[in-house]
Structures are given as structure tokens and as C-alpha cells.
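Take a look at the structures below.
Here come two complexes built around chain A, the first alongside chain B, the second alongside chain C.
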Partner chain A sequence: MTGVEGFMYPNEVELQWSALIVLYPYITGLVAGAFILASLERVFKVAAVRPTYRLALLTALAFLLVAPLPLQLHLGHPERSFEMYLTPHRSSAMAMFGFVYLWYLMVVLVIEIWLDYRADIVRLSQTRRGLTGWIYRLLTLGSRNVSPESRRIDDRVGWAITVIGIPSAFLLHGYVGFIFGSVKANAWWSTPLMPIVFLFSAMVSGIAAVLLLYMGISWRQKRKVDMLCLDTIARYLFYVFLIDFSLEMLDLVHRIYEADESFRSLDFMVRTRLYTSQVIVQIYLGTVLPILLLAATQVLRLSERLRRGLYAAAGLLTLAGIFAMRWNVVIGGQLFSKSYLGYTSYKLEFATREGLLTTVFLMVLPLAILWGLLKLLPPWPEREAA
Partner chain B sequence: MRNHVREAEHLIRLALVFLAGGAAFLLIRQAVVPPGFGVHGHYRAAALEENRLRPAVYAGQAACSDCHEEQVKQRAAGSHRGVACEACHGPLARHAADPSAAAPRPPDPVALCRRCHEADAAKPKNFPQVVAQDHSGGEACNSCHQPHRPKV
Partner chain C sequence: MSMTRRGFIVLSAAAASALSGAGGVQEPEARYRMAEHWWAMTIDIDKCIGCGNCVKACAEENQVPEGHFRTWVERYTVEAGDYEHPRVESPQGGKNGFPPAAQSTAKTFFVPKLCNHCEHSPCVQVCPVGATFESPDGVVLVDEKYCIGCRYCVQACPYGCRYIHPEKHTVDKCSLCYHRITKGLTTACCEACPTGARQLADLKNPKDPVHEFLRTHKVQVLKPHMATGSKVFYKDLDGAVR
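And now, the complex of A and B:
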């Protein structure tokens, strides 16, 4: 059979989980990571990252809105996915995700953004005309009270929401790892470390995404980048990356030392079919190299220009590396036979429901939504006016 | 206290929006979840009755022997003795009840035989299997094998 090597059970030959299923943990990871960056400012009072607070929240919202789409496109009957809200099955992790998702979207993100922007929304509702004016008036919910006392209440409630939001973000992404980690039939996935590794890689990718977006938007709008903010974000990226890398290595060392019955098969897979995406892209280019670049910015005294260049390079490599990591988990987990005697291959289709085109579209869609959100809710109004 | 309520009025409005959303959800749920759901398990209780009322489409092995003695004898003598008539001919309850009402379509031998006999590493080793391409090169299987008693 073409693409098959050795022995595969008949139901393993064709991969059921496509590139869209790769996208899903990738996108939710960006959400969780961006939100955790935002909560740094809010809960841990890291004033330096203030300029990206709102941007991070809007990024999280834009990506969260798209997060379920890859799953729904993967389903033959997407409309049935809503049944998990109507008749949820309590023993199904996937069904419970619907509620985690809704909780995180509505209770955490939407409320936090609304509270933070309320003063701006009220101001805009009074100055803008036409359709946008209507949208802002709708968003005020009919209350124009922005007295200092009401803003103080907003601030306190917002803080409480963020405090709830951090475990929610952990839950959202830890859960995605759990979905894979709990598949006990699959030796590539089944490890209790999976949720934790997913979580830290989520933070890494989300922080890198906000870093890049902040630099990109500032460059586009010809604004000066707040270097202190950038340095701080990059430092956090570096730290979190170190933890993430150690966890992944811990997992690896543990697998090698334990060397259970799946090991030879998985080892062979990593050396052959997954070599480019796992060893080259994920580990060398996507993890070691950005860590080295970030380390260089920490130990050497470099000019602002050079630092910005290094941050941009590290951010891009990181995003590619984390994407490769999701790819290796999802696709890699389906390439080897559960008999450990054979391997199949995955061919990404082009213009089909789960093809490359759809994948690219779903990756661009959150950016388009973010663009709209940035227009509607400008994150830096004080600079807008200037 | 009154002052606090006034300053938090927008939050009360927000809470009302959420309450309205929750209420709408409950109403929709009430309207669309079918009655009887969850009585026996995670499905519609009425589905059991509906399935029971569906007409049977398979007549069963015994039904064929009344009229097709020849094939029944053939089959019983060969290695297909364990393969039900309707496994190859498809569901024939209507035909068995009234042969003139529904004449069975003859099965396509190549597709039919390959479905069970195409070589596949996942099948038990002692099950007779061939790589159809090498074995017959596209020639219809029944030009050499008698389907009801396949030993050549």
C-alpha cells in the first residue's frame, strides 16, 4: 500500500485527525498565552507590560472566537456540536469543553474587556454617529456612568475576574492537553505531563504572538515601540520558554530511560518520518535557537535596533516551533501502528474541507477579527488623540 | 449603600443581560430537547419503540430454503456453509414474502468476493485470501469458482 510501511491495522492507515486538529490546540494555546500575559499586568502589577494589556486581551478574544471552528469543520455535521450544550454527557471530556469554552469566553474575556473599555465605550458612544455610534450605544448597555467611583468598582470587579480568569485559562489549555494525554491506547500521547507541557507551550506561543503583534502594529502605525515593555515581555518569554523546554526534555528523558514497549517504534518514527518536523523545526529551530537568541538579549548589551530584530526573529521561530509541536503531537500520534510494527503517512490535502487552504484561512481569520476589534476598541486611545 | 447601587448600575445591567441569555438558553433547551431524553440513558426513550416498529429487511437464513433448495444444498456442502445467503445477496425480506414483488439483483462477483477475500495482513493467516489482481487479473471470480460452493 502506498505510504504504508510494515504492518498497520486497517483503521490506522488513513489519518482521521487532520491539520485542522493541529490548529485547534495551537489556537487555544495562543488564547491562553495571551491572556496570561494580560493578567501579569493586572494581578501581578507588572506595570512595564501595561501597553500590551488591552492588545493581549483582544488577541485572546479574536483567537478564542475562531478556536472551535477547526473542530466544527472537522465534523461532518457541525450543527450537531451544539447538542453538547443541550444534552451534555458528563463523562465526556469533549462535551465538558463546551462549557469551559463558554465560561472562558463570556464570563472571563468578554466581561474583562468590557469593564476595561467601558469609559472609552461611553466616550465613543457620545461622539460617533451612524452605525458605529449605535454599536457603541448598544455596548454601553444604556449606562453612561463613568464616575470615578464606578470606575473604581469596575477595577475591583475586573481584578476579581482576572483572578478567576487565570485558573480558567489554565483549565482551557490544560484541558486540551488532557484530551490527548488521557488517550491511554496511544503511547505517544498518554502521559500525565501532557496538560502541563501544553500549558507552558501555550504561554510561550501566546506571549510570542502578542510580542510580534505589538511590534507589527507599532511599525505599521508608525508608533514608537515602548522598549521597556518589549524587554519585559521578552524576558518573560525567555523564562517561560526555559520551563517549557525543561518539561519537554523531562518528558523525553523519561521516555528514553523508561523505554517501555512502545519506545523502539516511537524512536524510529522520530528518527525518520518526524525528523524534520520534530528534531529540526520543533527542537532546534523552534526551541533551542529562540532560547539562545533570547538569552543573548539577556546577557549581552545590545542596541535597541538589534534587540528588536532578535525579538522578532525569536518570536517568529517560537510560533513556528510551537506549531510544529502541535503538529508532531497530533499527526505524530497517528503515524505509527498501535502494534508498533508499522508506520503510515499523512498527506495534507489542498482545497478540501480539511485541506491546506482551510488551515491557512482559519489562521488568517483571527487576525482579521483582531483587526476589526482594534478598530472598534482602540487599545491606545491616548495616542490616537495625539 | 444606595450610592453603591447607583454606581454599580451598569453591572446590574450586565447581570441582567447574562440572566436574559441564560433564560433564553433554558427556553431553547426546553423547546428542542426531545421529550423522553434521558429516561433510560443518554438517548430518546421513544427511539426504542421507533426502532422496534421498523420493518425487518432481512428474512433470515431459514426463509430461503423453502424455495431455493438447489443453492441451499450447494452452499451447505462447501466452505461457504457458514456464510448466510443474505450476506452476499443483501436484505431480501420483501422477496421472501412475495418473490414476484421484488426480484433480487445479481451481486457483482468481483466486488463481492474481494470484500471478504482480498489479502490483508490484518486477517487471520488461515483465512483463504488472494491478491485479486495477481490471482485472476480482473476476470470475474465466478467464471472459475461456483459462488455457492467455491472450491475449484
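And now, the complex of A and C:
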């Protein structure tokens, strides 16, 4: 049989979860990571990252709005997906997706963004005319009180929501890891470390994404980059990356040392079918190299220009590495037989419902949404006011 | 066993059906009492000759799409003492039998596979909408009008028994010929087996020969470490089988 080596159970030959399911943890990871970066300023009072606070929140929102789409497109019967809300099966981890998602979107992100932008929205609703003015008036939700006392209340409530938001962000992405980690039938997925690894890799990817977006938008708008902010974000990225890498290596070493019944099969898969995406892209290019680049910025005295270049390179490599990690988890977990006697292969189609075009579109869509959000809710109001 | 919502609805429907038919001619299904059965299957490895009749009968009975299998047969070839590297084949699920085995000193045997109708089914656990459920008589079934086609159950099944129906876009699997066994018939695969290697068993029926079978033979289930409560019992299952 084409693409099959050794023995697969006959129903296993066809892969069930495609590149779209790779996107799902990737996108939710970016959401969770961006939000946690925003919380650094809000809750942990890391003032240096203030310039990216709003950008991080809007990034999280843009990606969160797209997060259910790959799942929806993947379903055999997307028109029945609302059943998960109406009659959720309580023993199913996946049944909780809708509730975790709605909680995070409606209770955490949207409210926090609204509270933070409320004064700006009120001001813009009074100064803008036409359709945009109408949109801002709608966004005020009828609340036009921007007295110092009301702003203090906004701030206090916003802080409380961020405090709730941190465990919620952990829940959102830890939960995604749990969906995979709890499948006992699949040795590649089944580990209690999976939610934790997912969580830290989420933070890594989200921080790297905001770092790159901040640099990219500043360059595009010819705005001076706040180097203290950039250095601080890069430092946090470095620390979180070290934890993430340690966890992944712990998982690897544990598997090698324990060498259970699945090990020989998985080891062969990593050395052959997953070698490029796992060893080369994920570990060497996407993890070790960016960690080394970030380490260089921590221990060497480098010029601003050089640091910016290294941050950009490390950020891009990191995003590629985390995408490869999601790919290796989702696709890799389906390439070997549950009999441990054979392997199948995955061919990404081009212009199909779950093909490359759709995947690229869904990856670009959040950026387009973010562009719209940045227009509507400028993250740097001092310039907007000027 | 705790009553699930789906179980309650199914039982209520059965009760209503039984009541409505009380005054007239009862359909065979109406006489069927789910609470009186607990279905399982026994497979005698030594009796299986790998003819593939069971696979063919299942495919015809259940309109199983080409290239997918509700049941299939594997041929194991195990060199002496080499349990970790068995050679396994299942050309077209064993539907058309197997080519002659190569002459060697290795032992060769056939292993019919099907849904294990687990009592603690991982597939039932993970279904986000409850479309996959365990009926009160111990059969794991799929409500194809409810299944959203997320495929989580396919991932969760340790035995590779599930597939997505290419036309219905919902999950499909062995139903233990539920439409037959509730009418007092046996499954299509058991009926077609020329050697009686497969036997439908009702663990709640004290007169069922399954009790003597389980008492007098060494039996095993597939992947017992998965603790799924499998109800397909294999006699003389080799340690190399996975």
C-alpha cells in the first residue's frame, strides 16, 4: 500500500487529523502566550513591557477569533457542532472546548480590552464622524462616563479580570494539551507532561509573536522601538524557552530511559519520517538556535541594531519551531500504528478543505483581523491623538 | 452500571414501544429486553482458518465501504521466541483469504479483530456529544444522526476499530450486528464462520455456553494493559498479538 511500511491496522492507514488540527493548538498557543505577556505588565507590574500591553491583548483576540475555524472546517458535520454546547458529553475533554473558549473570549479578553480602551472609545466616539463614529458609539455600550473615578473602577475591574485571565489562559492551552495527553491509546501523546509542555510552548510562541509584531509594526509605522521593552520581552522569552526546552527534554529522556513497548517504534519514527520536522526544524533550528541567539543577547554587549536583528531571527525561528512542535505532535502521533509494527504517511493536499491553501489562509486571517483591530483600537493612543 | 442519559432515552423508547404493542401483535424488537442481555464475543484462535468469510459477510450485511473494515483478520507469523517482531499481514482485511504462508519453522495463526465493545470504552468517554454510547445490553453503538465527525473516538480506540464513513462523514464501526441480535439472530460474521471460531455470547444468559467456555479455557483480551473492559475474549491468544 502506498506510503505504508510494515503493518498498520487496516483502518489506520488514513490519517484522521490533518494540518488544520495542527493549526488549532498553534493558534490557541499564540493566544495564551500573548495574553500572559500582557499580564506581565498588568498584574506583575513589569513596566518595561507597557508598550506591548495593548498590542498583546489585540493579538490574542485576533487569533482567538480564528481558533475555532480549523476545528469547524475539519468536522465531518460542521452544522452539528452546536450540539457540543447544547448537549455536551461531560466525560469528554473535547466537549469542554466551547465553554473554555467562550469563557476566555467573552469573560476575559473582550471585557479586559473594552475596559482598557473605554476612555479612548468614548473620546473617539465624540471626535469621529460617519461609520467609524457610529462604530465607536456602539462600542461605548452607552457608557460615556470617563471621570477619574470611573477610570479607577475600570482599572480595578480590569486588573481583577487579568488575574482571572492568567489561570484562564493556562486553562485554555493546558486544556488543549490535555486533549492529546489523555489519549491512552496513543503512546506519542499519552503523557501527563503534555499539558505543561503545551503551556510553556504556548508562552514561548505568544511572546515571540508579539515581539515580532511589535518590531514589524514599529518599522512599518516608522515608530521608534522601545529597546528597554524589547530587551525585557526577549529576556522573558529566553527564560520561558529554557523551561520549555527542559520540559521537552525531560519528556524525551524519560521515554528513552523507560523504553517501554512503544519506544522502538517511536524511536524509529523520529529517526526516519519525523527526522526533518522533529530533529532539524523543531529541536535544532526552532529551539536550540533561538535559545543560543537569545543567550548571546543576554551575555554579550551588543549594539541595539544587532540585538534587534538577533531578536527578529530568534522570534522567527521560534515561531517555526513551535509550529513544527505542533506538527510533530499532531501528525507524528498518527504516523505509527497502534500495533507498533508499521508506519503510514501524510500528504498535505493543496486546494482542498483541509489542504495547504486553507491552512495558509487560516494563518493569515488572524493577521488581517489584527490589522483591522489596530486601526479600530490604536494601541499607542499618544500618536493617535497627535 | 450507571444509567446514562442516552441509555435512559433508549430504555424509555423500548418501554413505550413495548407498552404500545401490548394489545396487538408485538414486533420481535418489542419483545427484546435490553436489561436481560450483556453481549460479548468469543474467538477461538485455533479454529480460525483465515478464509475471510466473516469479513465478507460483515461488509455485505452492513454495507461497509471499500477499504474500511468493521471486522478484519490478521495473519501472524512468529519466529520461535521472537515475540517482539511478529510479521503481520491483513491484505484487504483478509477479505479474500491469505496467500500461502512461506515455508518456515515459524508459527502462523490467524487473529480475527472487531470492536471490543469495551465496558470502559475510551471512545465513549471522549465523544464530545455522546453520539458514541454504550447500550444497556453492553454494545458500543454510534448514533450517526448525532455524530459531528470530529474523529476523537478514532484516535482514542486502542484497537483501530473505527473509521470515518466516506459518504456519511460520520464515524462507523462494528455494531455487533445490533439489528440482528435484538431479533434473536447471531451476527453476520458468526453466522458465516465455517469453523465456529467466532461465537456471539450473552454473559447475562445463564444457559449461554460462553460461561463454560470462559471457565474451561485460558482466555485473554487484546491489550489488557489498556484496561478498557474489552468483551471480546480470545482463546489461546499468543503473546505476540497486539
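Definition applied: the second predicted complex is superposed on the first by the 385 of 386 C-alpha atoms of A that agree within 3 Å, B and C clash if a C-alpha of one lies under 4 Å from a C-alpha of the other, contacts with A are read in each partner's own complex, and residues count from 1 in each chain.
The rule is simple: contacts are C-beta pairs under 8 Å (C-beta built on N, C-alpha and C of every residue); 3 or more make two chains touch, one makes a residue touch a chain.
As the structure is a computational prediction, the values presented were derived from the model and not from experiment.
Asks: State whether chain B and chain C clash or fit side by side on chain A once the two structures are superposed.
Replies: After superposition on chain A, which the two structures share, chain B runs into chain C.
Asks: Which chain makes contact with more of the residues of chain A, chain B or else chain C?
Replies: Touching more residues of chain A than the other partner does is C.
Asks: If we overlay the two complexes on their shared chain A, which of chain B and chain C does A:E354 touch? Say first, second, both or neither.
Replies: neither
Asks: I'd like to know which partner A:I111 touches here: chain B for first, chain C for second, both or neither.
Replies: In the superposition, A:I111 contacts chain B only.
Asks: In the superposed arrangement, does A:Y340 touch chain B (first), chain C (second), both or neither?
Replies: second
Asks: Taking the superposition on A as described, I'd like to know which of chain B and chain C A:D120 touches: first, second, both or neither.
Replies: Neither partner.
Asks: Go through the superposed model and pick first if A:T87 touches only chain B, second if only chain C, both, or neither.
Replies: After superposition on chain A, A:T87 lies in contact with both partners, chain B and chain C.
Asks: Is A:P10 touching anything from chain B or chain C once the two structures are fitted on A? First, second, both or neither.
Replies: both
Asks: Is A:D244 in contact with chain B, with chain C, with both, or with neither (first, second, both, neither)?
Replies: neither
Asks: Please work out whether A:E41 is in contact with chain B alone, chain C alone, both, or neither, and reply first, second, both or neither.
Replies: A:E41 sits against neither chain B nor chain C.
Asks: After superposing the two complexes, find the one stretch in chain C that runs into chain B, choosing from 20-28, 38-46, 92-100 or 182-190.
Replies: So the stretch of chain C that bumps into chain B is 92-100.
Asks: Under the contact rule defined above, give the chain A residues that sit at the interface with chain B and also at the interface with chain C.
Replies: Common to the two interfaces on chain A: residues 7, 9-10, 87, 89.
Asks: Please name which positions on chain B make contact with chain A in the complex.
Replies: 3-4, 6-11, 13-14, 17-18, 21, 25, 28-29, 32-33, 37-38, 42, 120-122
Asks: If we count contacts the way the header does, which residues on chain A are in touch with chain C in the complex?
Replies: Those in contact with chain C are residues 7-12, 14, 16-17, 71, 74-78, 80-81, 83-84, 87-89, 91-95, 97, 179, 183-186, 264, 333-334, 337-341.
Asks: Any idea which chain C residues touch chain A in the complex?
Replies: Going through chain C, the ones touching chain A are 68-69, 72, 74, 84, 86-90, 92-93, 113, 122, 124-130, 146-152, 154-164, 168-171, 226, 242.
Asks: So in the complex, the part of chain A that touches chain B is made up of which residues?
Replies: Touching chain B from chain A are residues 7, 9-10, 85-87, 89, 106, 111, 114, 118, 140-143, 145, 147, 149-150, 153-154, 157.
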